[in-house]
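In the two assemblies presented below, chain A is common to both, partnered first by chain B and then by chain C.
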Partner chain A sequence: MKSHDIGTFRSFFEYWERVDAMKGLLTKKGLFIAVMLAWPLIHYAVFGLYLQVQTLLYSFQSWNPLTGRQTWTGFYNYITAFRSMNSDGVWTSAIFNTVLFIPVNILAVALALVIAILLYHKVPLARFYRIVYFFPALISIVVITMVFSFALNPTQGIVNGLLDAVGLEQFKRAWLGDPQTALISIFVFCIWAGIGGSNVILTGALQRIPHDYFEVGKLEGIGFWKELFYIIMPLLWPTLSTLIIVSTSGAFSIFLQVMLLTNGGPFTSSTTVGLEMYRLVIEKNDYGMASAYGIIFTVIGFVIVWCVKWLTERFDTAEY
Partner chain B sequence: MNTTGQQRKFNKIILLILEIILLFYAITLIYPFVWMLINSLKSNKEFFQDIWSLPEQWAWKNYADAWESARIGRFFFNSIWMTAVGTFTSVMSAAMPAYVLAKYKFKGSNAVYGLAIVGFLIPSIGTFGPWYMLMQQLSLFNPAGVLIGYTGGIGFYMLVLYSFFKGISWEYAEAAFMDGAGHFRVFFSIMLPLVRGGLVAVATFALIGIWNDYFQPLILLQSEHQYTIAVGLSYLVEAQKYSADYTVLFAAMWIAVLPILLVYMVMQEKLINGFTMGGIKG
Partner chain C sequence: MKRNMLLGTVVLMVLVGLLAGCGGNGGNEPKNANNGNEPITANGGNNSEEKEPETLKVAFFQGGYGDSWFKWLKEEFEKEHTNVTVELEGSPKMNEILQPRIKSGSNVPDVAFVDASFMKMWGPSGKLVDFTETYKNEKLPDGKTIEQSADELVNQSMTVLGKIYGVPWAASPRGIVYNVGMFEVNGWEYPTTWEEMETLVGKIKAKGIAPFVYPGKYPGYVQPVGISGYLQYGGLDFLEKLTNTKEEDIPGLYGDNAIKRSYSLIEQMVQDKWFLDGSLALNHTESQMEFLRGNAAMIPNGGWMENEMKDAIPDGFKMRMAPIPPAQDAVVKESIIPVDLLGFGGIPSDSKHIETAKAFLMFASTEEANRKFTELTGSAKAMKYSVDGLDITEFTKSCIEVTSTYKNLTLNYEPQSIGESPGIDAYAALLSGQKTVQQVMDTNVSAAPQKWKDQQKVLNSQ
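Now for the complex of A and B:
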């Protein structure tokens, strides 16, 4: 018998022993479990499952913008959606930008890893840095985007002020108001403000690695890169791959940052899929189209996330 | 020997450059806040003359203006009661499923646990349209609707508390059962106090998350007297684009950040540890 079987057998046995001891509690136990799970399950059923099903149903319907009447329109929304994706400038830009957020988010994770390793190796002030870097993750997105956009303010901002001070006036610009730099500025924001969260998670994972691994590496005299690829990466891979997957799927729901920094502009240069879906609901009350896009991007997002998941599983991981 | 010596020197230089980059990054995070603090204490005229100077006279009046005429005080109190209620209900609705999943065997317990994982992988923005309509149909465009949104339970907080409950011996409960305590008694007066550390970590995260939440209150709160501080602040940012009363805006922002800053100062050790213990592993 495998040890696994013995385990189940034993727990089964213990279970009956307990039942014997407390027969009166048996039905009460079922009631207790039901009560404890009732609200969370209802919530999940309504805001998780029901809404997903509704999204699918809505995606085949249209709303009359004046009367609010619902009618079934078959695949009309999907056909319109796919047409818009290669002809409508708003959506081509939104899709292009959203896809770019995947490497940007992964870059933030990579930088967080490098910083976590540096801080782990007892750089002076490591504790202070960790606390400071985590701070943007803790304050409201309204405040942090406001701080960032004020730093980039064309006339009263810190960045242009500094460029003035060091004599680089030719680089001054309205960073968030210029179609050439708006999107890049948002990318910089996402990395600048986004490193801290991953950094703290990776630091925790690093601290769980038994110290001997590093000691052995040191005795063997391996360098930074070897340590990174032969010790740290395999040991951290479960955490790292989770972060990569989460940041990939996160790219599809990015829109608050964009809404607060540039509102998608100037023109459509920095808009995202999430922001355009939000606008369809809020500004046009077009629930049908919003749902069709929602289904399309949920499917695309899910496929991409699974591909990334599959890729991350190709790498060896180590047990410790 | 010579090459390793050179190597070591090279490494030292690299390390120095990296340390400078780390310091620079930290400064870019801190300085804008300090800059805003300094400028929140200037008169608006002074601010437009020179953005770098220190205030000639400390204009605490900006804070009074932000608190009263910009109505940040009102939003502040809305945020306080909603955060208090929301933190309690959201932690409880995560602790309840976490406890039964960790400590009771029943059919479908793995499925409930799986739901929490699946929730991470599906982007929620796709269902925004139907969500908006559902909230209208249930007439939840009010603080209650926002609070209900926080009671999801099956999610990240549940996974954290699950691992805390797992680590606690069942013998405490056995003893209480023998003394005739019921399941609810055991849960509330024995098991919950035993996972105090986990509850504090999760509650702190919930508190910060709810205080900062912007999206749900923005959509669901319809009248100004219901706004939370995040929503109020975002409207204030819009308004200042036209009135250009920036120094009051900076003061308002500091009022919004201060509670979080204080909580973070006191709790940073627990917070960072809570985050790292979160069982985010594969």
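Now for the complex of A and C:
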């Protein structure tokens, strides 16, 4: 407080009483802020920073069965990992499949956008369909993979049953047990289960666009595609680009869907890097190798996500 | 300033307290000061009235054996130890759940019944209490030690680098389970040679039934056919080379005829369509359901299957466990039944009640507890005991019979060995039809030298 402020108080004592009251206020406020900030900070420190540092340290260690302890082995895990990625069919397949999940996830966003637009234009039963599309996002992934798996069951499943009923027996197959269809079936599942979440976000963003734009478009006589590319896409681009970046990075952590639907098989046809890392920890207790792969794919993922981010920033967006 | 610091300290203490509450062991009982001088008795101490109340936390893998045996153990142990309350924690994910808890020493149970592989993981690093002395010298109520009450193969499986870290849990035969009713109706008999098996498969196919079904998502279920073949076509010499490998055995070991012959049996099963169409897409319960529905006559499976499917077994359905028969060119011309030690009960070093935990493990290894395990789960405990007078199913009887009648096989790998297929998941590759036997063997032969080098490097790391 500046010295001339003292003149606004009737006496010197009054001034000190006021300062004391402000201190009290500051302390309570400070306490509140400290408590509010402490929790996320501690959470980040323990579950973010600490785990990441621990993963990095683990990546330079191996488990020695003679001592039962983690021992420092330098870059051994990294050398082994790069050798496996180069020669081991499992990792080659895992990397290839994981990269394929990037366009699949982006396709899910694109489909979610199309559905959001269709529902936005108040097609009959729009609200009902919005709930239907969002349903897979609400239910536990274990339950929906089970439902999907039952549907594709080779002997009892509804898909083969329907093919039978319409006389298309030649297309019947063990969808999740055929190397040619296992991965595609997982892609279909991920799109089906992934549309709902993106759809809700895009619907919310669509509803914030002033309706005048669409009315002007109608008066100009533009069709669906022109409306999509010249009105909706530029206005929704900040939301869309965020979803594209999240979908790209999400490809590197996909494992649960694969594990529950095919367990990575037949052989290695549908495995992913996420699943192989999980196996290293859970089935082989090899924390060192899993951590090394984790660090390697974090770096690769970062580069890919950064490139996608750079690309998304090349497009013009519109302010409204 | 002082006031701020004081308030800051209080806030910090509250937060630390909250965190400790989340990650702590959930109890504030003092650490047991018992230094091991107190005698361990399987039937409980008779001076329990004088002891402080204790809570013994028992965590267990709740898989095919359910939780009924543990509930019985709790009830009986509490009767004999009136100061002890047994707190049970069962989960099908217990193997995964316990790993971080044991590693961090937080929220550690006093007794853990989990997968046997954790003995190797936790034992040498000091995460488990050394149970060797108790295992070899403490007497059970019948006057025998646990070592004397267990089979030689089980004692071998329980030994990790010369020490023992707990008591054996379940042992299960892993062979071929067949539909007895279907066999009886059609006049079929379970074969004693592989050639008879080929004939039988032809007859089953002729009836429009699939000879076998297996869970394609978990190709390891077919492993008994492969490992039995190692003994049948390679003899004990080959098994010794595989489990206690020397540098000079690399890589020739993986090009051995025993492996070629064993894998060719699996390839034959795939190429000649012995498996139900679509098996590759099934998980273990789905494949077991197909077997129970009568869509397949046989299934490679273990002694836990009946208990696992108890709610789905149709009335009157009968099944039996059978061994893997040898072909005419076998070196060991005997049917083989692989037997796996499926779990163990150990005491984490961070347990607060080590002596009570030891008494609990001893109680869990008594003849009474072993018989109860078989009665409640329909499976065999990995110990020698009588099942006379027990109300057990035909399937359980067949599991016991098959392990006592045929040659048992358990693979216990020495630390330097690199496993049966170091370059590729052989069973997944062969069963999916993606690789031929020769391709699998070539992959293993070329991968083995590097794998051996890597393994020895890790063993020599400090």
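We adopt the following convention: the second predicted complex is superposed on the first by the 294 of 320 C-alpha atoms of A that agree within 3 Å, B and C clash if a C-alpha of one lies under 4 Å from a C-alpha of the other, contacts with A are read in each partner's own complex, and residues count from 1 in each chain.
Please note the rule applied: a contact is a pair of C-beta atoms (placed from the backbone, for glycine too) under 8 Å apart; a residue touches a chain by one contact, two chains touch by 3 or more.
As the structure is a computational prediction, the values presented were derived from the model and not from experiment.
Considered on the superposed chain A, chain B and chain C are sterically incompatible, since they clash.
In the superposition on chain A, A:Asn86 contacts neither chain B nor chain C.
Contact with chain C, but none with chain B, is seen for A:Pro154 once the two complexes are overlaid on the shared chain.
Judged by the touch definition given at the top, the superposed model places A:Trp39 against both chain B and chain C.
Of the two partners chain B and chain C, more residues of chain A are touched by B. Legend: residue contacts after superposition of the two complexes on their common chain; A:Gln170 is shown touching neither chain B nor chain C. When both complexes are overlaid on chain A, the residue A:Pro266 reaches chain C alone and has no touch with chain B.
Judged by the touch definition given at the top, the superposed model places A:Thr67 against chain C, while chain B stays out of reach. In the superposition on chain A, A:Ser249 makes contact with chain B only, not with chain C. For chain C, the stretch among 98-106, 134-142 or 242-250 that collides with chain B in the superposed model is 98-106.
On chain A, the surface patch touched by chain B in one complex and by chain C in the other comprises residues 30, 39, 46, 282.
Those residues of chain C lying in contact with chain A across their complex are 3-4, 7-8, 11-12, 15, 19, 95-96, 99, 117, 120-127, 161, 216-219, 276-283, 286, 290, 295, 415, 423-425, 428-429, 431-432, 434-435, 450, 454, 457-459, 461-462. Chain B makes touch with chain A in their complex at residues 11, 15, 18-19, 22-23, 25-26, 28-33, 35-36, 47-48, 51-52, 93-94, 96-97, 99-100, 104-106, 112, 115, 119-134, 148-149, 151-154, 158, 177-178, 182-184, 187, 208, 211-215, 219, 229-231, 233-234, 237, 246, 253, 256-257, 260, 264, 268, 271-273, 275-278, 280-282. The touching residues of chain A, counted against chain B in their complex, run 11, 15, 21-22, 25, 28-30, 32-33, 36-37, 39-41, 43-44, 46-48, 50-52, 54-55, 58, 115, 118-119, 123-125, 128-136, 138-143, 146-148, 150-151, 156-158, 161, 192, 195, 200-201, 203-205, 207, 224, 238-239, 241-243, 245-246, 249-250, 252-253, 255-256, 260, 274, 277-278, 280-282, 287-288, 290-291, 293-295, 297-298, 301-302, 305. Within the complex formed with chain C, the residues of chain A that make contact are 27, 30-31, 34-35, 38-39, 42, 46, 62-69, 71-73, 76, 80, 83, 88-90, 149, 152-155, 173-179, 182, 262-263, 265-269, 282, 285.
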